[in-house]
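Inspection log for the structure reproduced underneath, given as structure tokens.
A, B, C and D are the chain letters, set down in written order, and residue numbers restart from 1 in every chain.
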């Protein structure tokens, strides 16, 4: 084994974690188990970001997805479902057609993607992506950056109006 | 990437050691279960129903607020990282960004979401 | 000098020589090295926690004019080891109604999350496992797994006290997390880096400690960190008069021990982050080469752990509405104010490019 | 173990498979929160593809990473509002199975 095959091995292990976690997320009967598998998947995706040299993004992924979004999902599960609900049917009657559709979609994707010759650039990644991202966010992408604050404000107002008991 | 190899190793070794101590405890400890012992703990009373109660929705609303402000806080980190090299412009941008979100905080405050009772 | 780095390097080169002699390739040696470091770090953390448990009992006793543990060893110093052995052979009672996998993995998640922070903690000069370039964010990110762990414990136990305790802890930890990250932002604005090693080397004497430029930031951070550790006056989740033991109600034996350990590790972590970001980490107040660096680090950190214990016997517990109101109505606006002041301060005093 | 270095196509395949898993979840789950979890999986699949393109096609520009960052934020905002709606549905319907909430169908 060499350095390259170690990277390959890491990639395959992480891929396995992501896909297995995803499958368990969508198929688990116990909704809380789904949520925990979702956390597992999101964490593995952060690992994948590390493999792609996106360290800052990996940290953000864990912080926002695992720390905030998945946590919120777990809160929602705890408020709305019970351990006793595990016995209920958890999928609707369309699961076989859905499986067929997904199979076609996947086959289509594999057919389309596997041989497409993307122009892979040989330029190495900048060593310090965190500072570069900050600079880009403040110069080239400053308008989206400000729009994000409006989006967050809208989400906040929306959530407060919807969830507030009156 | 190699700097993160330590993180992966710590994750695996930490989990391994914890599971090992569980295994060790399983070998050493006695095990004498009986039906009363295995009941859900309720201060010595016979458990009444299951843990299905109507919990306070306040917890949930705080979690919703948290997600918004956490996203904002995290979004400020890349900005803080380059603050010195970008000049007054970055500062003004940030004042606008923060003002908009503080407005949201005060909205929630006025709406009485931050009141517990 | 009593620097540990030299000793570690000597041991390491001996092991490398041994392994290379067996024909083991370079990358495998590196991984074995990390694994060894992880095991050693586990030992270090365990010893620190054992000491902290004993110390907390001693400090509590002194403040209440008692003696505390006195029987096992000199002034009861190996009392916690005896306790650990006792916990190891306790019967593990897992009630029938639990959700087993969730109940089982909750303590593992909680403890491993607390342990993984130590990947990037600079214990002394050269004593850092891996100086991650996103170190500060890494620490915040990994500690968020604590919330997942205690929600799992609350749900998996299928017990009213556990569920309510889990909810309370999660809501509290989550509420104080926003002011905590925003308070750290001030330091990042000054230091312009997320790597903990660099942040320490920037504060190479007493006057350069960031606490002088971030007094408000430090105050916010310290209050929020106390709340994150579920310490008094913010120990509502384990308010034993109301919720028995909160989310650990249905845990016994080694699983309970893991939650207990994680609590003390988190307490140490909070002090470590305070020392590293605001008080110069392993740097001595008089320059980089004054006394062994790891002693400075441990001394400063233990002082902050002591402050946490001091809080416990000084302040009464808050009410739940005060607790939440304090995070959202006081700390959060103050944290925003701190960022604006820091930005203005850098602009006025340092000048921007 | 093959010696082919992991390239762009590997990451895209992974992204595609995860996206398909997400679609399957959205199509079949009855519980509203489970449907939301599946959409999060799809967001993540898209992010993997974006970051992979950023790494392999335009390494210097970092566009993919910036877009992925915005995606994460939009996903968080979406999850907030969606879960608030779930709470509302739970209050008025005493359950959150999406196939029961069909009163706007006709």
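Observations on the model:
The definition used in the following text is that contacts are C-beta pairs under 8 Å (C-beta built on N, C-alpha and C of every residue); 3 or more make two chains touch, one makes a residue touch a chain.
Note that this is a predicted model, so its numbers are computed, not measured.
For the interfaces A-B and B-D, the C-beta contact count is higher for A-B. If each chain is reduced to the centroid of its CA atoms, subunit B and subunit C end up 15 Å from each other. Chain geometry summary: the mean Cα position of subunit C and that of subunit D are 33 Å apart. In this assembly, the C-alpha centroid of subunit B lies 21 Å from the C-alpha centroid of subunit D. Along subunit D, residues 73, 76-77, 79-80, 83-84, 87 each make contact with two or more other chains. Multi-chain contact residues of subunit B (touching two or more other chains): 4, 50-51, 55, 57, 59-60, 63-68, 70-71, 74-75, 77, 80-82, 85-86. For subunit C, residues touching at least two other chains, in rising order: 97, 132-133, 137-138, 158, 163, 167, 170, 174, 177, 194.
Two chains count as a pair here when they touch; such pairs are A-B, A-C, A-D, B-C, B-D.
Taken together, the subunit D residues at the contact with subunit B in this complex read 73, 76-77, 79-80, 83-84, 87. By the touch criterion given at the top, residues 1-2, 4-5, 7-9, 11, 15, 18-19, 22-23, 25-27, 31, 34-35, 38, 41-42, 45, 48-49, 51-54, 56-57, 60-61, 64-65, 68-70, 72-73, 75-77, 79-81, 89-92, 94-95, 98-99, 101-102, 105-106, 109-110, 113-114, 116, 118-121, 123-126, 129, 132-133, 136-137, 141, 144, 148, 151-152, 154-156, 158-159, 162-163 of subunit A touch subunit D in their complex. Residues of subunit B that touch subunit D in their complex: 57, 60, 64, 67-68, 71, 75. Subunit D meets subunit A in the complex at residues 1-14, 16-25, 27-31, 33-34, 36-38, 40-41, 44, 47-48, 51-60, 62, 65-66, 68-70, 72-81, 83-88, 90, 95-96, 99. Of all the residues in subunit C, the ones that touch subunit A in their complex are 25, 27, 97, 99, 101-102, 105, 132-134, 137-138, 140-142, 144-145, 147-148, 151-152, 154-155, 158, 163, 166-167, 170, 174, 177, 194.
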